[in-house]
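You will see chain A twice below: alongside chain B first, and alongside chain C after that.
Let's turn to the complex of A and B:
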């Protein structure tokens, strides 16, 4: 699942997917501004068929956390 | 769910093609990817990659679009870029800062001005423009409602007039959607003073403002909201977090709607609808089921095919040229077209047909040649994924649409394509399909005539020449928008621009109508001349490809030269500005005794003395008509 998450983030932020890992976050990626972040959230929802609450969205602050929250929401693989 | 990342990632492939300088191939990959996988991540990745495309190498039409809004519209920009690509548009979006629309227009040093947009979108939400009308409607007296309406309109007008002071950009204004939860609930709809009626009134006045200022168009937001549904249109989270008043799905619908306008502005609307037959126009396979066995009639599923045909006939009446590209026996098909009691489409509706067993892409090229229209104006509809994929591979510029599996959903889907838009609708449009249809007997006649002169003579051609006045200006402007191949300078005019040009001194425009023994071809060409003292110039010359190769262009040229001489010119300059489409006209002036002189930027110039005799083809009768009413 992490590779799918990274692939989406890579496409939106225009960075190589291989450069991303669980620790990638707004602090490590300069393109990760608020509008790009929203696009990432919407693309994740589209890809995994989930919808996040505003509170959850606020918490999605690194690749690792995104994967964890997706798992909590019952997304597998 | 399939993983996005495969060993061969399409985005990486696009990057590689761009790095190799293969822009056309990169563009084709981009539109395939968007078609296959229309997700937010793909749109963004394609939009990023598209900024590296060279419009020249990829044969795309660049257009700069300024997006001004009183809400966050940023998410629409990459969608606009990605969704414009299949129509050969390369959008360069400029997004103004949040709610800075008035400043961007009025400030002489604004970034919008620097961006020099061709098109400006003015997207205003009533909630921010007039919170009183949106949220406190019931607290207002009728006078206060009127005052709010006036004030909102005045601010919009100030902005548009302010823009006009420095830009000829076309303007798209969002009409306000009627409220989903109107102030007075179920009562609102029947009150002339209700919130719904007030929003409608505001929109009517916006429409008259648009008409008054010119080159201003309204985006019918209510229709867009209705088409995807108000529930899907909104995403309360995005509004709460980022002042984005619509969902991701809505942003895509909005971008797609803007693209419809951009296509029409740039002459990129589609003109031809090419149809498959078996399991497309009727259910079943004619060759196996026979005329009795195909599904077409009053009961489902036959009814669904009748409805699809009715939808297609409606497009034909709008001016869309219809053609057939089918693997079948021609005589079997003709029998169905002529005799099947439930057929809506009949032989007279099709301008050209290719019913045979050869490859459909080969048929497609032949149809383009026969109709004299380029493939990027074609839409191809088929039920077979194999045929569709093959067509996409052969001709990415053709819009290939695979029909949905459910026959009952197909009529609606075809009507929703939204790619045949024009900026006006005239009698010419209503007749266009039939006009192309007349070409066929003429082509046959050409094959039979003994000499070319005999052939020309046998056509009994009459060329009516009209000085462009109020009656012709719409049609003339239309032709400048629509004509790509026989178009010497490819200068596009809107009605307002053409009117302004004609009001300038020394400029005249003529519209040409051709009648022959097969019928009236309607207005088929426009020529513009400018005369300044003893020097004349043909600043614009274009003709519909339907009437080429019968010397009509020579009669038109002879007329324009004669007219320039009447106005006092001693010599005349012909201009040619090359585009990807008008290569066939590059030697037009040289072949007619003009000598090349120094070019003016990208425009080649040719000159000819008017002292020498001017010859017009003897077999064309030219009749001149004065303008009844100047523009």
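Let's turn to the complex of A and C:
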């Protein structure tokens, strides 16, 4: 699942997917601004067939956390 | 505890008190730069604390003891198919650069909206800028209720033409003639437009005549902020801007009113511009004529104060647009700095609903 998440983020932020790992976050990716983050959220919802709550969106702060939240939502790899 | 709840990005405080104005001013200065409105504590005291419909619900995010984001919902009365009701206007969406991209804005809106609902404000409208509009229309599930369009009227053709283009070449000698023609046509129109039967006066006291005007003007409307005398008294007595209101009386009855920003021409693309912020008219022939005369007078005054262009943001479906068009205003097409989408949550109105909205309904100050 992490590779799928990284692939989405890489496509939106226009960075190599290989440069992303579980610790990748707004603190490590300078392109991760408000509008790019919204694009990431919407792409994740479409890719994994989920709808995040506003509080969950506020928690999507690294690749690792995104994967963890998706697992909690019952999404399988 | 799940992962979402375990990792809050910042502490969010929801309140109605004005105890954090200093933090708010610092945040606004950092995000949008110092300006007459959001840099002044008096602005928040007026908008958040002085509103006759009740205090604003503020949601502020703190990180390491510093306010990093803010959003507020200002209660206003809204006219709907079932009569007037309380709604919230979302204002002052502010997020520091370093706090962006973390979903903080959406959390603040959700918290403020929820707190507003607990206070009986179950519906909200916003006229967001390009940065926040996508959030409202996706994650926050607001829906479209039309738009505010920008209407523009050149006031001094020759000066504006020279300033804006500087490249008119062979056209330059025609500018004085164009300006002369515009003035001549305007004077002919004003002479024929029933000026003698209509009395125009400056208004400094908003009394029950404005309640009666609102009742006559808004018959059948299903959308818009209630503009009675209480609204006029509060909305146009801001501590940071100077507004002028003029009324037009026909047969002793207040038939229309116009509000414009006085002696505050701002500069854009090399030209100074003045703003008409509201036009309200009863839906009669006399009301339409009175509104057109008021707009003409407001344009003349702003031109005398130095405006090269007069602008007005208004819902294109509003009946008052006719008064703008009769005075030479044209709608600027497309999406630009003067365009604003109208997005609502909990309101049963769509883009085709009848009603009235202007820039004064979101550009608070």
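Details
As a convention for this text, the second predicted complex is superposed on the first by the 77 of 77 C-alpha atoms of A that agree within 3 Å, B and C clash if a C-alpha of one lies under 4 Å from a C-alpha of the other, contacts with A are read in each partner's own complex, and residues count from 1 in each chain.
The rule is simple: contacts are C-beta pairs under 8 Å (C-beta built on N, C-alpha and C of every residue); 3 or more make two chains touch, one makes a residue touch a chain.
Because the structure is predicted, anything quoted here is derived from the model rather than measured.
When the shared chain is aligned, chain B comes close enough to touch A:8, but chain C does not. Judged by the touch definition given at the top, the superposed model places A:34 against both chain B and chain C.
By the touch criterion stated above, A:17 is placed in contact with chain B alone, chain C being left untouched. In the superposition on chain A, contact is made by A:43 with chain B only, not with chain C. When the two complexes are overlaid on their common chain A, residue A:65 makes contact with chain C while staying clear of chain B. Once the two complexes are overlaid on the shared chain, A:26 sits against chain C while remaining clear of chain B.
Once the two complexes are laid over each other on the shared chain, residue contacts for A:57 go to chain B and to chain C alike.
Comparing the two complexes, residues 34-35, 38, 42, 53-54, 57 of chain A contact chain B in one case and chain C in the other.
Taken in their complex, chain B has these residues touching chain A: 1, 3-5, 11, 39-42, 44-45, 48, 72, 74-75, 237-238, 240-242, 244, 248.
Residues of chain A that touch chain C in their complex: 26, 32-38, 41-42, 52-61, 65, 68-69, 72. Within the complex formed with chain A, the residues of chain C that make contact are 2-9, 95, 100-107, 109-110, 131, 134-135, 138-140. Only residues 3-4, 7-8, 11-12, 14, 17, 34-35, 38-39, 42-43, 46-49, 53-54, 57, 77 of chain A touch chain B when the two sit together in their complex.
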